[in-house]
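Listed after this line are the structures, all set down as structure tokens.
Consider the two complexes below, in which chain A is the common component and chain B and chain C are the respective partners.
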Partner chain A sequence: MKTHTSTGSLATWSGYRINPVGLVSFCVVLFWALVALFAPYLAPHSVGDMVDLDYFGPMRPGLWLGSDYLGRDMLSRIIYGTRYTVGISLAAVFIACFTGVVLGMTSAVLRGPVDMVVSRVLDAMNSIPSKLFGLMVVAAVGSSIPVLILTLSVIYIPGAYRFSRSLAVNIDTMDFMMVARIRGEKLPYLIGSEILPNIVGPVLADLGLRFVFIVLLLSGLSFLGLGVQPPYADWGALVRENIGGLPFAAPAVIVPSLAIATLTISVNLLIDNLPRKIRDRSAS
Partner chain B sequence: MTSRVPSLILGRLFIALVTLTIVSFAVFFATTLLPGDTATILLGQAATPEAIAGLRTAMHLDEPALLRFFYWIGGLFQGDLGTSYANHMPVATLIGGRLLNTLKLAGLTTLITVPLALTLGITAAMWRGTLYDRVVTIATIGIISVPEFVLATLAVLLFAVYLKWLPALSFTYNVDSFSGLLRAYAMPVITLTFGVSAQMIRMSRAAVIETLNTPYVEMALLKGASRPRMVLRHALPNALGPISNAVALSLSYLVGGVIIVETIFNYPGIAKLMVDAVSTRDLPLIQSCAMIFCVGYLILITAADIVAILSNPRLR
Partner chain C sequence: MTNLVEIRGLTVEATTDSGRWIQILKGIDLDIAAGETVAFIGESGSGKTTAAMTLLGYARPGCRISGGTVRVDGHDMVTLSEKQRAALRGTVVAYVPQSAAAAFNPAATIMDQVIEVTRIHQLMPPDEARRRAVALFRALSLPNPDSIGDRYPHQVSGGQLQRLAAAMALIGDPKVVIFDEPTTALDVTTQVEVLRAFKAVTARRQIACVYVSHDLAVVAQIADRIMVLRHGEVQETGSVDDILTRPTHPYTKELLHAFHPDTGGRVAAAEAFATDASPLLEIKTLSAGYGPPQANGLPLALAVKGVSLQVKRGTNLGIIGESGCGKSTLARAIAGILPACNGDIQFDGRELWHSARQRSREQLRDLQIVFQHADTALNPAKSIEDILGRPLTFYHGLRGKARDARIDALMDMVRLPRSLRHRLPAELSGGQKQRVNFARALAAEPKLILCDEITSALDTVVASTIIDLLKELQRELGLSYVFISHDLSVIEAICDEIIVMYRGQAVETIIPSARQQPQHPYSQLLFSSVPKLDPTWLDTLDIDPERMRVA
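And now, the complex of A and B:
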């Protein structure tokens, strides 16, 4: 069911203009993805090894990013931290968007009481501030990586739901939806084969934005000491454990902060510079 | 035709009430999931079984959770927030002064943020597409993309480590002199202002640009009105609704920001109290703080919606 009509004859690959800002941010995102994937091959030292006699050591050959508060190699710790920050956030964002989008499309197709109840409950969940929700879950069940992934995804389901539902409601009024209904198609076919292909572009862009929110929240929780727990450390936890180096501007506290900033800013800029056709709600 | 505004506002308030009920359910049951028996925790390992049983009855712990939920809500309405597990003080006493501190911080931030952000947002929209607009846009994207603690870290680096204007991570209680007060509040307020302004600038810029795309603004342009006149005289009055909506929504980001900022700067506010309560698992304290935050957040987003309803002339 192709409905690329709004852009007319331009709907070809030649219509995609490559934007330098988008390209640079794509490279940064790719860089962090590769670092996360190949962490064991890239890290010069083991994460737990104390390789420096000094703590909060400066950058120098051999210890390219200095050492942390126990004299461990900061470069290796950041490389392994990438796995936690990127991995947990990716897992959470996929669960959140999958659940949210399926629920959103289902509500849009079924309408009526199902739509009303689901929308009301998820809206109420949306009015609990995200950090507060995280704090409460950690207070109740403690912090482990599976709990973190689940909590983060639950927090961002309402947003994904609201977004995909508003897109799906528009598609639902199209003629082909009525034809499909008259043919007697069931719900899984309606949402999977009729609606999803028409909203997949904006939904993917939304997934990217939500990924940024999740990275921010995860880092925030870890920074408060309520996220990833020692001996593991994501970027937020690295900032937390090295915060004592702040008065001497130690690289151990600056570099993980910059790592978070580069990843989230790049994802945001990448999405901002995506070709209009993918990003816009009216793309279908 | 009668006005639909009162019924719309009543409807919105009703939704807020329903939401508050669901939220208080969530807060209560999330915190009762905690494993371990409260009475045993309170009395310690050495307590006799009779003492534990007595305390359980006194605290209604042997009653169903739903009933305890109603006791809890009833207590909240009478101003009885329960007793802290950690130091056996009434939660209300613990919260009182702290809440005031947080409100001071939030108030001061609002006072600085609103004029600053609106000026930047509206002027950026006025000169849309210029270098100035691009700088503002990229700076705000940068700021909203990083966590609050990174903003705080960078602010400390800049103002305390390199410029040495302000103390780094200590909250000085010496607020007798004006300069002492200024130094104590400067860092937390700067950090919060950055975060909240970035949100507000983006939203107010978008709101003004939306109005600028309407035919009557094009008319103003065609008849030769200058850019500032076109924006301030023609577009702005109609963008006021969306802008106030943006202000209220951005201020709700304070709720999340304050949690991080109070922790990093050791500011004696209610968010710091709650983070500490989470690490000691002090349930009554967590519940009360969570409710305060949720109510504050709900007030702000409801206010945003009501402003949007009031400012929509089609509903009058």
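And now, the complex of A and C:
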């Protein structure tokens, strides 16, 4: 069924309405995902190879994105940087959202003292500025990828918790929750089968948003030199090490910034423009 | 021009999710003279509210008036600009919404909201508007007309708020007023007061009224003519007498029939009732309430005060009373949702814990509760199949093919087409949702089902088919029901014994088959407040509800 409608959408595909903005941003996200996956096959040079005699070299054939402050190939460094930025952020966001959402739904269902204790503890964590917390942890135990992932996820658990708890509290007041309770259902069924399907949409949107926050925080930490350590670098670290190229308008400082911007903006646009199911009962 | 309202060939279209336009009103013609009241009656989704709204020149978002003319006092509401329409709203044509509680702003005083119309249209200085409002309050027989305007909406009762909403509509001296199901959300005893007030005020001011309702008996009291709508088409138009005594259209006949539910088929049960069968459920001096426990061990607000009752096997008990009388709290206490603070619950010969958490799975299975609003009682994210399948797996351990077969059997039992299995609740009609809601309780194979106002949110016709279904299932499965409602005709149709509740206490037990007359003054008020199809009923009713309140 191919119908042109007045509501501004371009394509409908097997009962879903696809928005052009969503499609474009999906392509950008997919592009970065593929780059992260196939980095070793795509990168022309190794991360540490110094291939240019000049530093902050311009874009030219062979060095498509110029060279960095040590004369290394910028394209290869960005391709490898994708792995760190996307990989660490993705792992962190999944841990943060999974823990936060499960705790949030549990508090909403159990109420009473459990809710009280979990909420207060997480509120207390929420009150610590995120960058400061990151600085503190890295200063205390040093920077490694597992430490970064755990730190980033701990920072974003309270937000995911608050968000899912407020959604779950609304669902919990519905009569079907009462029906399930007096049927004698236990906690895992209540949160997994009754509440989760009703909040999964907003929770996914929140996951996308939190992914963006984590990318930015990771980039910020790396920019301060506390993130991924040399010779490897994520995008934030690439911006920092090449900041000296700013007066020379070197592509080495602009391109990683652009990479961060395209990924975060695309993820944001994608979650705002997800395909929408067309539910038309009267359709033939 | 003699008619105040002239509607010719009116069509309204709505857009579907995939962007197609479908007609929801298919050519309506209507004339209303000054001082005349026309009722739009029909089931939900028949287009009655949509039709009434066109008098304001308004179509809901996603809808548009696609053809025809709506002339109100000489203005064609269809062709006017939005600004011109706004100038007429409140002064020529006004609207009284169904839920006054939702229509008032809780943060402003009632008076400010009632006289807002005069301020927007700059009709009169505020002081004069206030004097007028007080006069209207008096005409609508509101208590303390001089000071009620200083209160906030939550400080007055539902019936009073509905009359205040009418005052809000009438202050601009409109020629046409649209009442959109104004008494549907009210108790019968309150409904009587509100209807009387509306009738008196509109008659005195020669206002043309459009009264939207699905309750034929209410309409019979207030309307001069009735227009029956179904699927966006006028089925029948005629005077109240014609429609009530000589209906020609099958749907109108169906509506009338739904009003006389047959009480047959209950004879067998009544016999069982007479013989001294052992009680299935026995409650002794049960109390329940809300809020923290006080020094005497009782909760702060006691909603049920020492109620005792008995349900015998295979018989039905009705609990009736106005909103706030504690009937739903009683059901919740029996189900263990709200643990009772005092008293005993004996079920099937064994003492039940007050809290559902401590009851065994078998006890929970035997005693099911069905809630009023199927919309919130069914998980919107799960298919009908999942909703019905869960109790089967949970209580009976059914899986795979056995479970599928049982789901089909349950759907047949409640007369739902099997093709609805994979639908979500939002894709079902109100009556179908209530059937699913009920089938889920049946899936547990209970001995007793608590029905908490399960027909209140449904149309008369749909409600009567649900009641028939309940009776049939009872014959087949040997169930017992505890039926909670504020609607006497529903309770009379299905129950062997009726308990009247008032302010948390069971004031009277009535056995309908014994043709027993109510003795307690509240029961008398309640029974006499149920609207009858006789158009002269409201005018001849001699009970004064306010007097009862004081007593």
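The working rule: the second predicted complex is superposed on the first by the 257 of 284 C-alpha atoms of A that agree within 3 Å, B and C clash if a C-alpha of one lies under 4 Å from a C-alpha of the other, contacts with A are read in each partner's own complex, and residues count from 1 in each chain.
By our rule, a residue touches a chain if its C-beta (ideal position, glycine included) is under 8 Å from a C-beta of that chain, and two chains touch if they have at least 3 such contacts.
None of these values were measured; they are calculated from a predicted model.
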item	value
Touching partner for A:F176 - first (chain B), second (chain C), both, neither	second
Partner chain(s) touched by A:E185 [first = chain B, second = chain C, both, neither]	second
First, second, both or neither for A:A108, with chain B first and chain C second	neither
Touched partner set for A:E194, first chain B, second chain C, both or neither	second
Touched partner set for A:M136, first chain B, second chain C, both or neither	first
Chain touching more of chain A, residue-wise (chain B, chain C)	B
Touched partner set for A:L167, first chain B, second chain C, both or neither	neither
Complex interface listing, chain C residues touching chain A	16-20, 22, 335-337, 356, 361, 364, 369, 371, 373, 376-382, 390-391, 394-395, 426-427, 440, 444
Of all residues in chain B, those that touch chain A in their complex	15, 18-19, 22-23, 26-27, 30-34, 141-142, 144-150, 153-154, 156-157, 160-162, 168-169, 252, 255-256, 259-260, 263-264, 274-275, 277-279, 281, 283, 286, 290, 293-294, 297-298, 301
Complex contact set, residues of chain A against chain C	1, 3, 5-7, 12, 174-176, 178-185, 193-194, 197-198, 200, 278-283
Sites on chain A touched by chain B in the complex	120-121, 123-125, 127-132, 135-141, 212, 216, 219-220, 223-226, 236, 239, 243, 246-249, 253-254, 257, 260-261, 264-265, 267-269, 272
